[in-house]
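In what comes next, chain A is part of two complexes: it sits with chain B in the first one and with chain C in the second one.
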Partner chain A sequence: MISLTRRLFLAGLALAVVAPSFAADLPKVIRLGSPLVGTGNRPVGAGNSFANAQIKGLLEQEFQKDGIKIEWNNFRGAGPALNEAVANGLLDVFWEGDLPAIIGKSGGLKTKLLLANGRSSNLYLAVPPDSPVKSLDDLKGKKVAVFKGTAVQLAAGKVYAKHGLSERDFKSINMDTATGNAALTTKDVDAVWSSSNILSLEDRGVARVVYSTRKDPQAQSLNMQGYVFTTEEFEKKYPEVVQRIVNVLVKEAAWASDDKNRNALFQLWAKSGTPFSAFKRDAEGISQKEVQSPLLDEYFVALVRNSVTEAQKLKLLRGNLDVQGWFEPKYLNNALKSQGLDNYWKPLDAKGNAKL
Partner chain B sequence: MTISTPRALVTALALAGIAPAVLAASNEELEQQVKALQQAVAELQTQLKAQKPVPTATAKTAKPPVATAAVNPPTEPAPVGVPEEYATRDDINGLQADLENFKYQVQRDRDTKTALSNRALNVSGVIQTKFTTSDQGTNASGAAGQGNAVNNRHSTFDFGAVQVAFTGNLYKDYDEGRNLDYTLRFGTSPQQGTNNSFLNLLDASLTYNFLPTISADTSRAGLTLGQQLLPYAQEVQATEDLKPTINNAQYTLPGNMDLARRQVGLILRGDVSPTVDYGYNYRAPLFSYAFGAVNGNGPNKPDDNSAKDWIGRIAFTPPSDYNSWLRQLTLGASIYKGTQNLFVGAANNLVGTGRKDRYGLDLAYNHHPIGITYEYNVGRDATASGTVQNYSIGERRSVAHTATLFYNIGEQFVKGYRAQGRFDDWWPKSYQPFYRFDRYDPNVNVTRDRSDIHTLGLNVFFAETTKFQLNWNHTIDQLNNRTTNDLLAQFQFGF
Partner chain C sequence: MTSIPRSVSALRLPPVLAGYLTALSRGLLALLLPLGLLLLWQLIAEQQWISPQLLPPPTQVLDSLLELYSSGELASNLGISLARVLWGFAAGSAAGLLLGVAMGLSPRVEAYLLPTFKAISLVPVIGWVPLFILFVGIEESLKVLVIAKAVMVPVAINAMKGIRNVPVGFFEVARLYRFSLWRTVRKVVLPAALPSLANGLRLGLSNAWMALVAVELLASSEGIGYLMVYGRQLFQLDLVMATMVVIGVVGLVLDQGLQLLERHLLTWRNSAY
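Now for the complex of A and B:
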């Protein structure tokens, strides 16, 4: 008969051998990154289901039973600061806008694109309310603030190109969102490129929107896109965790896509400090089901390719980028299937037409 | 005269209430009452119209979805928005009262609780509180009659440095960022070489940025006039990301190559051909430079001779993206051509002037999480010996090597990571173990006068402006033929 001491020793040995394999299946902490901060640098974003998940604590709920800590990192320096964190191995899963994501990937960041997350965000150009500026042409040679390295810069570049202009036609100044808005208010700049948060300034009478992609027939190709990524290392090490994260985000995207939740959605985003009315105006006549679609369909791939090409044309990107190899759709497909959402969002072909 | 809705309603109800009694009234009275009723109803209708919400822009301007919406139309145009609400007089009064309270509070605080200045002002400070213990006792005889002798001291509490700084701009160029800035800094610091506890004037300078500073893409250049640190090599001007130690390298100290003391003069600093990787908000100029002339005899005094000391530095950073292994690799070269007064005899009799030259090469590779720095410096100082009537000029050649290796555990030096939006007073806790080798040979022609300091240390960053430092210094002092071990523990905190 084996003595109790020996049995305990063997059991301990067995645990020691097995434990590392368990530990490898579940991380102690999941480090999440978002380039979105709200008014006053509060860690609250808006516009996509990734931001919703943070506000609602959905991932905390999902991993609570496993004792996995969820660590949110909201970067005041937006996409460029987030890229810096990824380059230094400090994030596992993150949301990012098109330009910084493309720059990061082409610069060697080992990332996998898991799902679309905010396929079309409007871009606005605002001037002080008493400015004589009425169009882009009127701003030639003047000071225009843009948050360089972010999706706003790429979208602005596309708009310039569409109007036969380039960033060089303006005195382009790099300012983050809060600084740019403040500079517009004090008239230190002649105009600022921004997202929907600028509408709250217009409501307060300190800004006037002179251009918006919202009213542009080519809005989809000009607008900003957002994606959710994981690092290749994290995906390889914790595929089940990645799957669970994608499940949560897809479920939340379905909720956000439902028009009956439209008011609740905008109220949720208003926690960022941008008022409800701004989101409401920004989304007028736009289906959230389209915007929140997580699908990696042909149309989305075409949009990403278009962003890469435009970034290259605008010399914002060095080198090339294999877009197709960047996607990892299996987690999205599993999530859609397991939640019975296979046919909820309709896939589009490369031209944006419904696939038959 | 307008009739309010409640009044009109009351009237209408009153009229309705008296209706049965009307039966007994005459036709004429009835007609009058009917007219009154009609008038009341008309007034009510007018008021209702006035209160009816104006159709919103949403309803009027709702347009079909954008281009692709035709392909994948929205399921149902949603009843967007909450019902329109109107502010009542009471609401506005409340808001007005809040605004007035706020204005009063701001004015009151400005009058009684706010520091004011004529121009933009930033006040900051650094304090280092330190404990040192050594296996070598310190003894000093002290000045006669002052009772300040030191008796075999093995440990002490003291301050490393205490500084208060005032910085800001005197002119802000909103168009180009060609700002005129000022710096005023007071402090007690070991580098002052004094043992008093009074605040000395450290920096007092004016800087004009004559190239635009609003864009990271362009070269920078600024001219600084006044008392300032020398732009020489690494150690003198190193920030904490490149200098993990508590003590400065030996070569910088007064009596050695004496480069850490502030100097009064005019220095041009700038850079050219910056590489900007906006994808990471990373800026690295291909070349950075500094050239200038200073008195050369230290802070807070006029020059002690007519010759000016000249300083020049150039540093090269290979152009690279942030995600390249070349990131933050910098090679630099520095030169300081100076003149110093020469003295002979115990009475320090002045006999003339001689050279005071310094040459340095340096390398820094600060690539998170690792960092390596190395610098090699040579000093050439004229020396005088003999008597005033019969003296000879010689030269002392000194050499210094300083190398540092550190490793960062934590995100203290990942710039973008530190700047996060958080609800609490969050800061990434970081640990930085390091090793430094610091050699100074005051005269290469004299054997066994070298001093080597090996430092093992740990920096703990636990709040935005606060860190704990622990250094163990193992000093091999050939001149005094002794080996010393010191343990230094210091909190550095700033505001």
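Now for the complex of A and C:
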């Protein structure tokens, strides 16, 4: 009797020791994070393959057979709120705009940059339709809503600097996207900085765009970028899961880059509540293949570096950031190779010219 | 029992010095808790029980406090916040005094106003913000209005109670001397109700400070509450905590300052009774 209980006890002990190493191969749940919400706070983003994956349920499909639960977290508080969730250890894989990503990394978040997720999102400055404002200078001293701590703030700061202005020349009020748009329609603010979703307000006749990076020859260096990350901890524990997620995202980026899917792509994004027409206008004359390229080429690295220096100049970032050590391109390269997409997107040099 | 006082008297401290000593020891006691918390905080930060991005160590908070000070940001934002408090406090206490005195003196006014006033005062300051935004927008007038509302309630209620508690005999004497209403208020009611009024004003001032921070968190482009929001947006929790320290210290200084002033102004009263 005694030997039996002892044997059972030892077997139980052995199981308890071994079990965690089994579990380490696959997580029970993958916690994904997105800094975008759609109209009315719905958990739907737009503009990149990460958002597409959420709308289409691609990761749910990928991990269904393993019984892994996919948990989506969309943050109305955008990048700043997402960073807090990462610091609390609540997210595994997520995407963020340039400024919050840089701020999070320099603040000590242990993240790895896996691939680009939208290289160039246009920035808009809108005023009420009957406003006499015609240019940035007309807005000096007036109330301008900007979602601070997000990519919009950095892009707006770059535009100010280019025009010899700074945030201090305006009454810069921190408002999230929904609040800023609402405040513009009630004329509580004189202008709002925004991404393409503002075009839906223009369509409805309650806003007028006075400035956009769209037509700026230096649009790419002014515009917002998005990056996909995983935490160092998750990458170390589940490298195969990270690879599978990157595979899905790269495949989706290739679909989104194809010009014959253009209409389908904008219809997909319209599920966020911003209408089809807004995305169509935002992307007019712009090749999705350039915008959706997931590559971490020299050009992309230069864009990230530029964002870091600009954020430092604007005093949005303290200390420095080792950009090179932040990238983990091996998953992306595997995905490109395994899907035969090696030469699909053309890598560019630091100045944005095609490499020969 | 008697040995303790004897040993103290054996020191033969002059009473003034002894007074200072007790004040000093009381001050030290008050510091024990914050010091203990500070040590615990340092320990948590050192052991990284909470991620340092979320709870920066005290030294880092001190650094960013010093930086705020030396860059002049602290002074400019604090100045803006204090100006808002000043205006809101002035408007709120004037309205509160008027209302409180009227309700205290006349049971009829009280019957008309008090229930409504109570209902209004029970809606917290933050609950008024959406409505106020619709009326006055999000600029300075919003802050002043919200602060004024926060100040008015305790000032009015304390003024009313203070007047209600003036002994009836005082009024009888005033009537005997055929004092006019204004003279009764000035010479009899206000002096007798002064401690309660002062109490209301003090409560109003600390309410004003808290309301200010709340409203600056919501819609602002400058001020000490805004600094806190900004710190959070830029993932600089040390800045958030530094502004918390400033808010706490300024609130304490305001409260203690008014208490000192009150004690100073009421000294005549102690000798009068």
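By definition in this document, the second predicted complex is superposed on the first by the 337 of 356 C-alpha atoms of A that agree within 3 Å, B and C clash if a C-alpha of one lies under 4 Å from a C-alpha of the other, contacts with A are read in each partner's own complex, and residues count from 1 in each chain.
Following the convention adopted for this analysis, contacts are C-beta pairs under 8 Å (C-beta built on N, C-alpha and C of every residue); 3 or more make two chains touch, one makes a residue touch a chain.
All values derive from a computational prediction rather than experimental measurement.
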| item | value |
| --- | --- |
| Chain C versus chain B on the shared chain A, clash or fit after superposition | clash |
| First, second, both or neither for A:Leu314, with chain B first and chain C second | neither |
| First (chain B), second (chain C), both or neither touched by A:Val241 | neither |
| First (chain B), second (chain C), both or neither touched by A:Val304 | neither |
| Chain B versus chain C as contact partner of A:Leu58, first or second or both or neither | neither |
| Which partner, chain B or chain C, touches more chain A residues | B |
| First, second, both or neither for A:Val37, with chain B first and chain C second | first |
| Partner chain(s) touched by A:Gly285 [first = chain B, second = chain C, both, neither] | first |
| First, second, both or neither for A:Leu136, with chain B first and chain C second | neither |
| Touching partner for A:Ile70 - first (chain B), second (chain C), both, neither | neither |
| Selected from 132-140, 150-158 or 168-176: the stretch of chain B that, after superposition, runs into chain C | 168-176 |
| Those residues of chain A which chain B touches in one complex and chain C touches in the other | 80, 83-84, 87-88, 100, 103-104, 107-109, 143, 148-149, 172-174, 188, 316, 318 |
| Chain C-facing residues of chain A, complex | 80, 83-84, 87-89, 100, 103-104, 107-109, 143, 148-150, 171-175, 183, 188-189, 316, 318 |
| Residue numbers on chain A that touch chain B, as the complex places them | 37-38, 41-44, 73-77, 79-85, 87-88, 90, 99-100, 103-104, 107-109, 120, 143, 148-149, 153, 172-174, 188, 214, 217-220, 259-260, 262-263, 276-277, 280, 283-290, 299, 316, 318, 346, 348, 352-354 |
| Chain B residues within the chain A interface of the complex | 58, 61-69, 71-78, 80-82, 174-175, 214-216, 277-282, 321-323, 368-369, 411, 414-417, 419-423 |
| Touching residues (chain side chain C, partner chain A) in the complex | 51-54, 133, 137-139, 219-222, 226, 229-230, 232-236 |
